[in-house]
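Multiple structures are listed underneath, in structure tokens.
Here subunit A shows up in two complexes: once beside subunit B, once beside subunit C.
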Partner chain A sequence: MSLDILDSRRTAAPDLLRFGVPLALALVLVVFSLLAPGFLTLSNIVGVLVNNVALAAIVSIAMTLTVASGGTDLSVGTAVDLGSLAFVSTIIAGQPVWIAALIGVLAGVGTGLFNALLIAGLSITPFLATLGTLFIGHSLQQLTTDGGNPVYVPTGSIPPALAFIGHGSVLGVPLALWLVAVLAIGAWLLLAKSRFGREVLAVGTEPQVALYSGLPVRAVLAFIYIASAAIASIAGILISANVNAYVPYSGNAYLLNSIGAAFIGTSLSRTRRANIPGTLLGVLLLGFVSNGLLLIGWNFYWQQVGSGLLIFLALLLAFTGRRDTA
Partner chain B sequence: MSLESSFESSLAASQALHLPRAGRQAPPPEAAASAPGLSRGALAGLLRFAGLLALLAVVAFFAVRVPSFLTPGNIGLILSQSAVLGILGLGLTLVLITGGSDVIRGGIDLSLAGTLGLAAAVFATLNQAGYGDAACVAATLATGLAVGALNALSVTWLRILPLLATLAVMNICAGLELVLTENTTVPAAAPLIDALNLAGPFDLPVIGLVLVAAWLVLAVTLRFTPVGLRAYAVGGHPEAARAAGIALNRYVAGSYIVAGLLGGVAGILSVAFLNAATSGSADMLLPVIATAFLGRMFSRRLVPSVTGTLLAAVFLGALANGFQLLHVSSYWVNGIEGALILAVVGVTSGLAQRGARP
Partner chain C sequence: MRGLVKTFGPTRALDGASLTVAPGTVHGLVGQNGAGKSTLIKVLAGLVAPDAGDIEVGGTPLGPLTPRRAEELGIAFIHQDRLLVPTATVGEALFLGQERLGSRHGLWRGRLERRAAGLLDRFFGISLPKGALIQDLTTAQQQIVQITRALLADPKIIVFDEPTASLSRREVDHLFDAIGQLKAHGLTSIYISHYLAEIERICDAVTVMRNGRDVAHVDPRTTGTAEITRLMVDRDVKDLFPRHNATPGAPALSVSGLAAPPAFRDVSFTLHRGEVLGLTGLLGSGAKELVRSLFGLSPARAGRIEVDGRPVRLGSPGAAVRQAIAMVPEDRRAQGVALALGMRENMTLASLPAFSRFGFIDRARERLRVSQLIDELKIKTSGPEAAVRTLSGGNQQKVVIAKWLARQSRIYVLDEPTVGVDVAAKAEIYRLIARLAEQGAAILLLSADLDELLGVSDRILVMYRGELVSEHIPSETTSAQLLAASVSGTRAEDTAHVA
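Right, the complex of A and B next:
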């Protein structure tokens, strides 16, 4: 039996197949730039990166960490929302923006701590633990917003720092993209280049072996879920700064696409592990597909069908010929 | 197999190794659980007890606090409120049984809520277009079957990870639903809808009885036919199942197809319950997953089972209904559900660990 595991897990995918997702992305770029004249312009690409990619990328980076550790974090959206709620409430209470941002991230850390307690402390499967957190977070938001009413920062008193986080740019590059770059590089260094990252991947691929080898499995898992929620809460802060408000449950919109991006990204790795570059490619693919369909004039409803179909085709490219999915 | 599973489900998997060799006429998996030894059997009994105990405690609590909770009328209401969720949960349970319950690499069907929405939209749109009940039902069930077949094809033939394949299919379904309904509520009125809302035998609404009937058919098939035993073998111990000559793909594909069909049935029930096809069916996804996974806690060996899923659906339905009767703000319901799920899962997984380590 264990021989089979070794076979299925270690069999390196033929190199050609690893290029399925980059190939799909290239194809999407070529096809849409032929079909839609405005697609391959600098302003459109920056627009896609800022509007469709940045926030999804941050949430997906968070998701990648938990997927690499062998789990999933269904409560990333909750961390986004609670971060946003704490951020906006603190600003409305008259505190400086940097304190509000700190408290927003702390709300994320709190969410992650709760997950860590369930997963590392009580040994509940990550999937179910974070599902529970998601439900509880939903209630928490309903209770604090009287059933889901948005909380606005009064338009007269928007601090300049808030506007800067939402719309500012440094050296001509929007702040959101800088944040994505910093988080992506940080998470990439952590996962791919550090000793801790190897421990995370060990816990993710062979939990029993990791345990018997004396790795601090619980501590690794606890850290990963706290980090995931903290990163997600940064996305929440960005969303609030963008719209000067906290909109309940808005974070959940990123959940499924972040799972999709993280797993599409695994096809980039020879050993099918979650990795940051792959995840970013996945996010780009999803973002450009929806933008391209919009530009060629598909209405919103058909865009959904189209992006579903295109993702499906991308998966086909990434998975066909593999025999290790069963 | 156990190495491949995640940290916790490896425990369930290691228990699944005690599955009797498929192909032989062995007792069904549930009954075989006591075979490995008495202490394990006794503990297993306790596990099953924990899930049921929670259910009974909740029912008793509400029954004491609200006299009308245990009246036949209210029980019927709980059943029909749980019907859509329960039917979808049964579908997901089948997929979990043949796919193994490892969330990441095992079987999962994220498209079920999308199937529900699309099926409901098909039914209501055709109904508005003036087609009769038979045509509407046929088209709706065919829609469900088609979605299920697409999932089955992607997972077995194209070998896409189930999580991803069904995620993409979910998007396609949600898009097609929007195309049909243009994001509006499509009302529907038909003799069939009236019939489904009537009270049937035992004063129970027909919608609720459809759930019970679906459970009965699946439970009998899984427990008393070779198909059921083989389905569990395919998910629990695929190598052994393959060695025993079972066509794995056929069982895996079958589970997705039947799940899709159940999605179609759920679509009809939801149109009947609401007298319309409404948007927002995607919100059902997480409750469906919660139901199917919570259902594992009602089975002695923490495996997915249709009976467990039915109990879980009724459990969640009773909670929501009870809180409503107690005039607890609906804002609390999600949180209390979440906390209860965590409590039940925490207790059972704690017990399971103690049981799994010799």
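Right, the complex of A and C next:
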């Protein structure tokens, strides 16, 4: 009787929260365009999208897959780096760019396969399994680069295809944004519309029920971790093409942002599920906040405080919602 | 308590209910969900003020009760949820908030523990491991600590509200010993439970409630559980256990020489279409493991399984589902229904290929089928998108069965399907089982409820220490014979057909 009243309040509250992230994004845009004159210009916005958002978006899409399956992938950065390393090494070896890209993605698939083995094969918690992969990946990069030296594609022999991947546009839109669009639509279809996405949802929220319904729980998890690393390695290829080099450990910079974006994104869903549109909004929010803070002249070292506060806020909202329904 | 009336808005939760408990007895209070048991108890606890009626303790009429007043009168309550701090020691938990009862300053833990041990020994004759934490104890031991905690206030009446809901069978025995001890100390107990077998075992008198009223006062030693059930639901028991009128057809599932040491070995039986085959056995008999292996959860090591006459391997739940085998697991809330998902997502979980086109889910088709299933099984819900967590236990169980109907499963493995649901929901689940059989499904029903097995099965198999020891025909068997077979493995050649 009195409980019913509580229940109706519970379902109403998260509905309000769902508009929190879009509202926050709007607020950020308005505040910074008032404070920083250069903020709301086409060149700045395209700059933010291409430089801050595109790569973070790709890694965050990868992260969304694993979060949806009930885990996390702490080794997304490792897949970025190994993809980049394999890509650059193959180009330096004189192979065509498309073969190098293929090998770069294969390096990502390899990383994912390793995670899949640990998680789906040996039933190790995703958090610990991917943390181990992160450590191993770090050592691997140190070993192959004499302790962390960048590997450059010689300036004289940069293939035109590499320059195109790094800086080219199609129909006036930078290639990186096309890639984000394709990956985002693909991942959205997969998670929200496909049969496999439903299986991921069941495995992610109710692994026991999924098992007792005959779903191939292990295969679903294996695929998710392989897909996550493969997508992350595409970001690695883009980074390398941008700077014509492989810079060790650069992928880890995206790890925290991607976790933040994926969880900020869950607040967009009534049932607090990981979803691609939410993740993209999270990436935009984080990207514009750090760009805006830069433009109003905040000390660079303080910028992460802004991102940190945002992530706290999002996680707080996401987990209060979960606690209610628990 | 006499002539109590309590209305909540338009609902008359209590409609002239009376309850008379003789001192020094264990008094059972039974009724379906919504019969008014909990409201009656809340009145006694002073949590709910009645609109009419009066309450006497020891012949003295009492004014309005408050929780404080109830405590002063010596009425204590044991709920099914154990409200103890998991990381506290037994002594700390026992004396929490009343440390001075344990030792003079409440500071000396050693003394606290010794006093606690003394009390546990005095009331229940049990000793817990020295320095044990609450979380190290079994559920029953925790419950005994909680009862002891209630006893510190020196109560005269103790009310047990569904205390065995989360206890294993052996733990229930310990709890009953404890209640027996209380009776020996001259205390009065009021015992509320769904499980009539428990009532029969420990109660001296029983009050049956229905629709907010006490409808009968019976002596459980002379009145059987069947009669009490009839009083609770106001229906005959043969309506409670509806028999299907299908004639068993071709073999659906044949098992020969199945073994998974050390759980079970050399198990052979045949389950026919349109047949309800009962299976029972104590913990450790291997019955549970057998059922799990038939759904590919822990595959058998040796033996042969045939589905519709074809040999199959059941290496995973997925393989079992492909053979149209369905599983209704015992732990409904963790394994049966996905509480985080909606009705539609739950019901199509085992048959996603049927609801997809080119790998994408056809939600319109899903919604259509789910709506049909909701109507067909009479699930009380607001629609296909409703959350499953708000449903009653019986309705949740129907969602699990609907999931397999959507899959068009032909072999149903039911593992304690009526645990934790009330009598009315039980009857509905039995009707569903009967209907499945009439539609040609083959049903293997694992249950510890012997009356249930006798009521709905065509044949009953009993397992004992990993082996199938006997096969019984319900019409020629009593629950005592079934029990004898499961506790001692007696093959009871003269009354039963040997497997």
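Please note the rule applied: the second predicted complex is superposed on the first by the 293 of 326 C-alpha atoms of A that agree within 3 Å, B and C clash if a C-alpha of one lies under 4 Å from a C-alpha of the other, contacts with A are read in each partner's own complex, and residues count from 1 in each chain.
Criterion: contacts are C-beta pairs under 8 Å (C-beta built on N, C-alpha and C of every residue); 3 or more make two chains touch, one makes a residue touch a chain.
Keep in mind it's a predicted model, so treat the numbers as computed, not measured.
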Which of subunit B and subunit C A:216 touches, first, second, both or neither: second
Per-residue touch tally on subunit A - higher for subunit B or for subunit C: B
Partner chain in contact with A:122 - subunit B first, subunit C second, else both or neither: first
Subunit B versus subunit C as contact partner of A:308, first or second or both or neither: first
Subunit B versus subunit C as contact partner of A:208, first or second or both or neither: both
Which superposed partner A:271 touches (first subunit B, second subunit C, both, neither): second
Partner chain(s) touched by A:134 [first = subunit B, second = subunit C, both, neither]: first
Contacts of A:193 with subunit B and subunit C, given as first, second, both or neither: second
Doubly contacted subunit A residues - partners subunit C and subunit B: 1, 206, 208-209, 325
Subunit A residues within the subunit C interface of the complex: 1, 7, 189, 193-199, 201-202, 205-206, 208-216, 271, 325
Subunit C to subunit A touching residues, read off their complex: 8-9, 295, 297, 316-318, 320-322, 327, 329, 334-341, 345-346, 348-350, 352-353, 355-356, 359-361, 389-390, 403
For the subunit A and subunit B complex, residues of the former touching the latter: 1-2, 4-5, 8-9, 67, 70-72, 74, 118, 122-129, 131-136, 138-140, 142-143, 147, 203, 206-209, 217, 221, 256, 259-260, 263-264, 300-309, 311-312, 315-316, 319-320, 322-323, 325-326
Subunit B to subunit A touching residues, read off their complex: 1-4, 6-10, 103-105, 110, 154, 158-161, 163-165, 167-176, 178-179, 182-183, 238-239, 248, 286, 289-290, 293, 329-339, 341-342, 345-346, 349-350, 353
